[in-house]
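Consider the two complexes below, in which chain A is the common component and chain B and chain C are the respective partners.
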Partner chain A sequence: MENLYIPATASEPEVDFRFDTHSLTLKGESFPENAAAFYVPVIAAVESYLAGRSDTTIQVNVTLAYFNSSSTKMLFSLFEILNNAVLSGNIVVLNWFYDEDDDTILEFGQEIADDFAALEFRPQALV
Partner chain B sequence: MPNTAVPSRLTATRRSASQVRPGINGRSLAGHLAQNCPVASPEDTNEQVLHLFSEHQHVGALPVVENGRPMGIINRNQFMSQLAKPFHRELYARKSCIAFMNHSPLVVEHDVSLQDLSFMAVANGEKALADGFIITRDQQYIGIGAGVDLVKAIADLQAEKNRLVMESINYASVIQKSFLRSSREDMAAALNDYFMHWEPRDVVGGDYYYFVKHDDGFFCAVIDCTGHGVPGAFMTLIIASALNQVLKETDLHNPAAALAEVNRTVKQSLGQFDGGRQGMDDGGEMHSDDGMDTAFCWVDHRSRTLTFAGAKTPLFILPPGAEDLEVIKGDKKGVGYIDTPMDYAWENQTLSLKPGSRVYITTDGIIDQIGGPKQIAFGKKRLKKAIMECASKSMEQQKAHIMDTFYKYQGEHLRRDDVSIFGFRLD
Partner chain C sequence: MTEHTLRVNDMLQSEINSFRELERKCNVIFYYSGLFSQNIVAAMAEALKQRLAHSGNKAATQRKVFSTFIEMAQNVIHYSADTFSDVDQQDDELRHGAVWIGESEGKFFIVCGNPVAASRAPRMRDRLNALQSMSQEEIKAAYKTQLRSENEAGSKGAGLGFLTVARDASEPIEFHFDEQPDGKTAMFYLKAKF
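So, the complex of A and B:
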């Protein structure tokens, strides 16, 4: 399946989903006016990538400095799908990048780790 | 003269009459930019064009028209520099003026919108802005339009649209504020030392607060509805009506029960039931997944207790003389969203408060704001530090210090969200 690349804008993150190397990267900030319009196609692409997949190690790299509450809901949908992928026999590593002084983002990552326990959560402090 | 005289690829496609819509100020079509100016014909010689240019010093570009059809534009400066070349005057003076003419200027029909025209002008390169463009009606020349007039008309149009939008939003803000009035009045009557800072990012917004005074205490809520700006403000009105309905019938001494009731009401009014999912349905209709994060509190005078039920919103408490603020976390479920079950039960936490205790509730707008040298979130730590720096001051003075710290931290960065913070001191 084809890789998905969406360049970042001021209010939307860069999406660099390399399905061929099983590496999914989100980077930037996320506060689009209509979060669903942005994320629904992104999530759909991940769903079709995961359909029927097993025995794959998927690296998910998230470096987000800000996301609004509607983006949060969409991110949760994304992590839920990835969490389910673990239950169907894959390994999903969530590399959660945050600035070493940014407690807000670290806390959010920990919440995701609590809610989606099947993900292998690896917080990565950026110095 | 065959039709090919007008380079067809540059001629704007004429729209049918039904497609032509007058602009908001009635002057937003290309035809409105048409100016009368001297016109040359292909029979005119360069000598005659030179004469025309010297007679009309203000004319920078001269259209060439044959039998009513535009052929091209002669640019004054280019014409003059061509003619100034050695022997050119002798060679070309008596020849047709089309020698130095731009054969492919931008030609537009009079009923092309200014917006379409501006895109065509940009696509055409600098020439259309420098030399202007030819305006036609049924392919017949009617005048020339100047690039500078086009830029000005577009700027006016933009300013007018902005003005209308801002006028409408400013009035929406009057309506939104009027929904907050009774809360403000009750707050002032119930509290001696407090502040309520409400600052929507875009004049109106999705942050909201609610305050009701009773004889034995008061109920307060600080609410962050999804979204900001106009959609956020819509949500606050839906929430306000749910609150009014629920809080009349529910025991305010039990904030968790009130949250559960608001959750049911919002889910019903937005049709956000379990099992649904945000996105497009088969008919291409967008489903909403909206709701609110909030802290509901009941403060009881007699027992000096605060009962708190939080939906993704913490409470900050500063007992008198304490060295740091205590953070009381809320529940992790928001209110009204699709994935919050219809019968979800929030929990009450009851805290005993000493006289002089200070309580703060804020939406995520302050904590999540990006700023500072590292461009990271303001965070809880900075908020707590700002409060502790003025811990013994009046609440009004605290507000000034907290917001000042916040604005300095935000600096040149864009405001990301609506900002609300409520603080009060118990007597």
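So, the complex of A and C:
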């Protein structure tokens, strides 16, 4: 399937989902006016990429400096789908980049790791 | 200059002085009253980020102030009763409100205000009263529960807005409803300190 690339805007993160190399990257800040309108198509693309897939190691790289409350909820849905992909025989590594001075981002990453225990959670402090 | 021009200049000077005086008295670092749209909020966010970056505050504090500003401003976009867009519209909304960011004794605070339908006020008051009486641990726990629950009808976000503001503020949030003479609307004000 085709890769998905959405350039960053003032209030939306860069989406760089390279399905051909199994590398999914989200980067920037996320506070769109309508988080569902932004994330539902992104999540749908991931769902079709994952459909029927097994024995794949997927690298997910998240470098979000800020996300608003409605984006938080959508991100949670995305990680749920990725967690389910592990249950169908894939390996999903979640590289979670965070600013060492900002515990909120790391805490949210740990929340995800707690709820979606099948993800291989790798927190990485940005230097 | 004619005598008339001098008099106009004096008046302008005096208006500017009284405006600046009020600005100092209220510790204003940023004030906006008018239409809120996503583009306007994103532009203000950019200005605020620059201001915070030069404030000497920790990155975590900067992010909390920024986060609260976004939640409050997007609340105006989505819920202000003074609207130029349809009530159920989800994109390209345009609504009226105000936001005031100040700094007092080295601490930031944010106040936002917008009209709400009087009928919504009691429910909002209940939710905000509950938040005021919660400890930080309780707020975090409520946030986690809400994150995992289904969205409420009528919510355009995740039902997490007020919880996010309460979580990021360093003191209990303050609020006030000012009932309007028309009986149909109330001005809603919310304040958070950091």
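The rule is simple: the second predicted complex is superposed on the first by the 127 of 127 C-alpha atoms of A that agree within 3 Å, B and C clash if a C-alpha of one lies under 4 Å from a C-alpha of the other, contacts with A are read in each partner's own complex, and residues count from 1 in each chain.
What we mean here is this: a contact is a pair of C-beta atoms (placed from the backbone, for glycine too) under 8 Å apart; a residue touches a chain by one contact, two chains touch by 3 or more.
In this text the structure is predicted, and so the values were computed from the model without any measurement.
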After lining both complexes up on chain A, report clash or fit for chain B versus chain C.
clash
Check the residue A:20 against both partner chains and state whether it touches chain B (first), chain C (second), both, or neither.
neither
Quick check for you: in the superposed arrangement, does A:40 touch first (chain B), second (chain C), both or neither?
first
In the overlaid three-chain picture, which partner chain does A:70 touch, first (chain B) or second (chain C), both, or neither?
both
Applying the stated clash rule to the superposed structures, which of 27-35, 135-143 or 171-179 from chain B runs into chain C?
171-179
Across the two complexes, what residues of chain A are contacted by chain B and by chain C?
10, 31, 33, 36-37, 65-66, 68-70, 73, 76, 99, 101-104, 111, 115
In their complex, what parts of chain B are in touch with chain A?
224, 226-227, 229, 231, 277-280, 286-287, 289-290, 293, 332, 334, 337, 339, 364, 367-368, 370, 374-381, 414, 416-417
Can you check the complex and tell me which residues of chain C touch chain A?
38, 41-43, 45-46, 58-60, 63-64, 66-67, 70-71, 74, 77, 90-93, 144, 147-148, 151, 156-158, 160-161, 163-164, 168
Give the list of chain A residues in touch with chain C in this complex.
10-11, 31-37, 65-66, 68-70, 72-73, 76, 99, 101-104, 111, 115
Would you pull the chain A residues touching chain B in the complex into a rising list?
10, 29, 31, 33, 36-37, 40, 65-66, 68-70, 73-74, 76-77, 99, 101-105, 111, 115
